[in-house]
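Notes for the one structure printed next.
Going in written order, the chains are labelled A, B, C and D, and every chain counts its residues from 1.
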Amino acid sequence: MSLLLDCLSWLLILTGGTFCLLGGIGLLRMPDFYTRTHAASLPDTLGVMGILGGLILQGVNGGHWMSVIKLSLIIVFILFTGPIATHALTRTALSHGHAPVLHENRLPEQQPVKKDSKAGRKRGRKK
Amino acid sequence: MSWTSLIDHAIGHYNYWVCVVLMMLGFYIVIASGNLIKKIIGLNLFQTAVIMFYISMGKIDGGTAPILVDPEKVSGPVVYTNPLPSVLMLTAIVVGVATSALGLALVVRIKEAYGSIEEDEILAADRASDAKEQAQYAASAAQAAKTEAAQQGHA
Amino acid sequence: MILYAVAAGAVLITMLMALARALLGPSLWDRILAINSFGTGTVLMIAILGYLTDRPEWEDIALVYALINFIGTIAVMKFIKFSNLGGPRSGNSLSDL
Amino acid sequence: MITMVTLIDLVLFTLLGITAIAMLRIRDLFAVVMLSGIYSLVSAVIFTDLDAVDVAFTEASVGAGISTILMLGTLALTSTKEKTPRRQSWGALLIVLVTGAALMYGTVDMPAFGDAASPINSPVTDRYITASGEETGVPNIVTSVLASYRGYDTMGETTVIFTAAIAVLILLGSARTTDAPVTPRPATTRSLELRPILRAGAKLLIGPILLFAFYVQFHGDFGPGGGFQAGVIFAAGVILYALIFDMDRARALFRPAVTRPLIALGVLIYAGTGIATLFFGGNFLGYSAFNPHHPAHGQELGIFLVELGVGITVSNVMMTLFFTFCGRRRP
């Protein structure tokens, strides 16, 4: 039983760690904000579920029941808050005129992403 | 001193060095930046560095958090990390946020009074109003002297 | 023990990459996103540290972080949206946040 | 021999240094405030790593939550851009370098990190560790030292927080606040507001946050936590409500006429516990007097009351700070 739990928790933690790393790489290498959002949701969902799930199995193994309950709560909370925060963030960015980099507007004069967002903020303030 | 002992020394003091560097960064922001909010951020940086310095000193290798473990669950003696720095720094954090709120409140008032949070602009405004006051004072003093002289001449 | 070390390593590298994005991040939005990710990394790191040092009752801190991180992100977005945390007053209509 | 904990510690300290340097160089104050959020996230992990769990708990709730929100509130009332400086201030750099070099020189003689024989681990600490369990009946040594052995200190610190809140209220509390409620919108238009996802999420979260605050308050004797942390978490729940729903509605629930007196009430509970011990024939804040037959029970009662006072003061101070900063109109 204990060995089975151990193996399962290894599996979960390795999966979770991989997803975390993938999310980090995506956050660095993706071309624009909206695609990066996509990458950033990996550690928020599967990374958290994997790593914390593995820790939960270890907690079950060691009999730390309080910590098992708290870890499950953390998983639930992050599964709620992560997507909500990202959703709100992208909506705000879009409504403030932060244009996604699409292949049709990838011309150099339409690129200045940073300037765009500042203009958007100013516009928002005037309302 | 051999290489290994030098490296050991470096690892053993790395925390303290980074703390000193952070402290100095905060200090530099406080004295070199002209923006009042940035100054308060610098102060916070300095404060956190001091807190980290204390906590680093309290850590004991192989120690555990200063919450008593159930003696039935462990065999042998348990080493606890020093609880005293934790106690002192815990309250320091909350006090720190309260006092930096006070600083921010002052900044807000300054902005309302002077229309700026840049140190040099505030000083310039102060100097201008001082000069204006002095000019007014000088004018009124000259006026008073004139009337006095006139009264004396009259007498 | 090795298990936790592996997990800690993965999370630390992720945190490093998120920090790099927060420092580079051309737009404001990238920074906010990176900080949100960084916060998730912090939660994981604290949870792992609890097991790594064999005191798993520390998950309280991770739990607090999971909650507070969200509040921070919402506050930042509200600030951008209304340039004031008080939000729209005097009944002007809200668009979606 | 480097242990895993030390290795994590080294990496995290490096991260902290990078963040601080970035904070120095970036001129957009909004970005700096967000980086200071990262700074406090990293420092909380470091505190956990260095076994200072209670400090990490406090930093988690205060540094990342309240502090960032207060900074944002100030930025909203002032400006988000720092002017570019006219010149490099070489004098400041010189002062900083000299001070830094002196401090570095000071660290050379210090005992290495993690040394159990370093002078900070004095007999006083040994006594706290060995005796506090029986003397106070509280497993969390930090709580027992905070509320019982060094109760005077903590009372002073609670008073400092109280005073700071009063000073902020004097500076910002009177003019230009929006204490008078803005004409509330009818319920029908309120419910039509288009933020369903955030609202649903917040509804699910606010309850657990407030409940968790009570857990931290009353469970602080056994695990990390206590009055300071619980107060901040409770205030964070209210702040989330104010951010997502409505400032005015939050202020109607926790109206200043109630929260402001409660700030004082917390300090009064703390000092009153001390005076009560005097009446029971003990020293000021000597809780053992509450129960002469079982001193440990008396200590437990005293620590409970004192932590309650701290929790009430801190939560109301944080709420008041939020409402005063964020309820003020831009000049």
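By our rule, a contact is a pair of C-beta atoms (placed from the backbone, for glycine too) under 8 Å apart; a residue touches a chain by one contact, two chains touch by 3 or more.
Since this is a predicted model, take the numbers as computed values, not measurements.
Visitor: Of all the chains, which has the CA centre nearest the overall CA centre?
Guide: Closest to the centre of all protein C-alpha atoms: chain D.
Visitor: What's the distance between the Cα centroids of chain B and chain D, rounded to whole Å?
Guide: 17
Visitor: Let me have the rounded angstrom distance from the C-alpha centre of chain A over to the C-alpha centre of chain B, please.
Guide: Those two chain centres are 35 Å apart.
Visitor: What's the distance between the Cα centroids of chain C and chain D, rounded to whole Å?
Guide: So the centre of chain C lies 18 Å away from the centre of chain D.
Visitor: Between chain A and chain D, tell me the centre distance in angstrom, where each centre is the average of that chain's C-alpha atoms.
Guide: 27
Visitor: Could you list which residues of chain D touch at least two other chains?
Guide: 51, 53, 73, 75, 198, 205, 208, 223-224, 325 - these are the residues of chain D that touch more than one other chain.
Visitor: Where in chain C do residues touch at least two different other chains?
Guide: 15-16, 28, 32, 50, 53, 55, 57-58, 60, 63, 67, 69-70, 74, 83, 95-97 - these are the residues of chain C that touch more than one other chain.
Visitor: Taking each residue of chain B in turn, which ones touch at least two of the other chains?
Guide: In chain B, the residues touching two or more other chains are 64-65, 67.
Visitor: Per the touch rule above, enumerate the chain pairs that touch, sorted by label.
Guide: Chains touch in the following pairs: A-C, A-D, B-C, B-D, C-D.
Visitor: Could you list, by residue number, the parts of chain D that touch chain B in their complex?
Guide: Touch residues, chain D against chain B: 2-3, 6, 9-10, 13-14, 16-17, 20-21, 23-24, 29, 32-33, 36, 39-40, 43, 46-47, 50-55, 58-59, 62-63, 66-67, 70-71, 73-75, 77-79, 82-83, 85-86, 89, 92-93, 95-97, 99-100, 103-104, 107-108, 110, 112-116, 118, 120-121, 124-125, 128-129, 133, 139-142, 145-146, 150, 153-154, 157, 160-161, 164-165, 167-168, 171-172, 222-224, 228, 232, 314, 317, 321, 324-325, 328, 331.
Visitor: Okay, in this complex, where on chain B does chain D touch?
Guide: The touching residues are 8-9, 11-18, 20-29, 31-35, 37-38, 41, 44-45, 48, 51-52, 55-61, 63-68, 79-95, 97-102, 104-109, 111-112, 117-118, 120.
Visitor: Under the touch definition given earlier, write down the residues of chain A that touch chain D in their complex.
Guide: The touching residues are 73, 77, 80-81, 84, 87-88.
Visitor: Which part of chain B faces chain C closely enough to touch in the complex?
Guide: 64-65, 67, 69
Visitor: Which positions of chain D touch chain C when the two form their complex?
Guide: 4-5, 8, 11-12, 15, 18-19, 22, 30-31, 34-35, 37-38, 41-42, 44-45, 48-49, 51, 53, 56-57, 60-61, 64-65, 68-69, 72-73, 75-76, 178, 182-183, 185, 189, 193-195, 198, 205, 208-209, 212, 216, 223-225, 229, 233, 236, 239-240, 243-244, 246-248, 322, 325-327, 330
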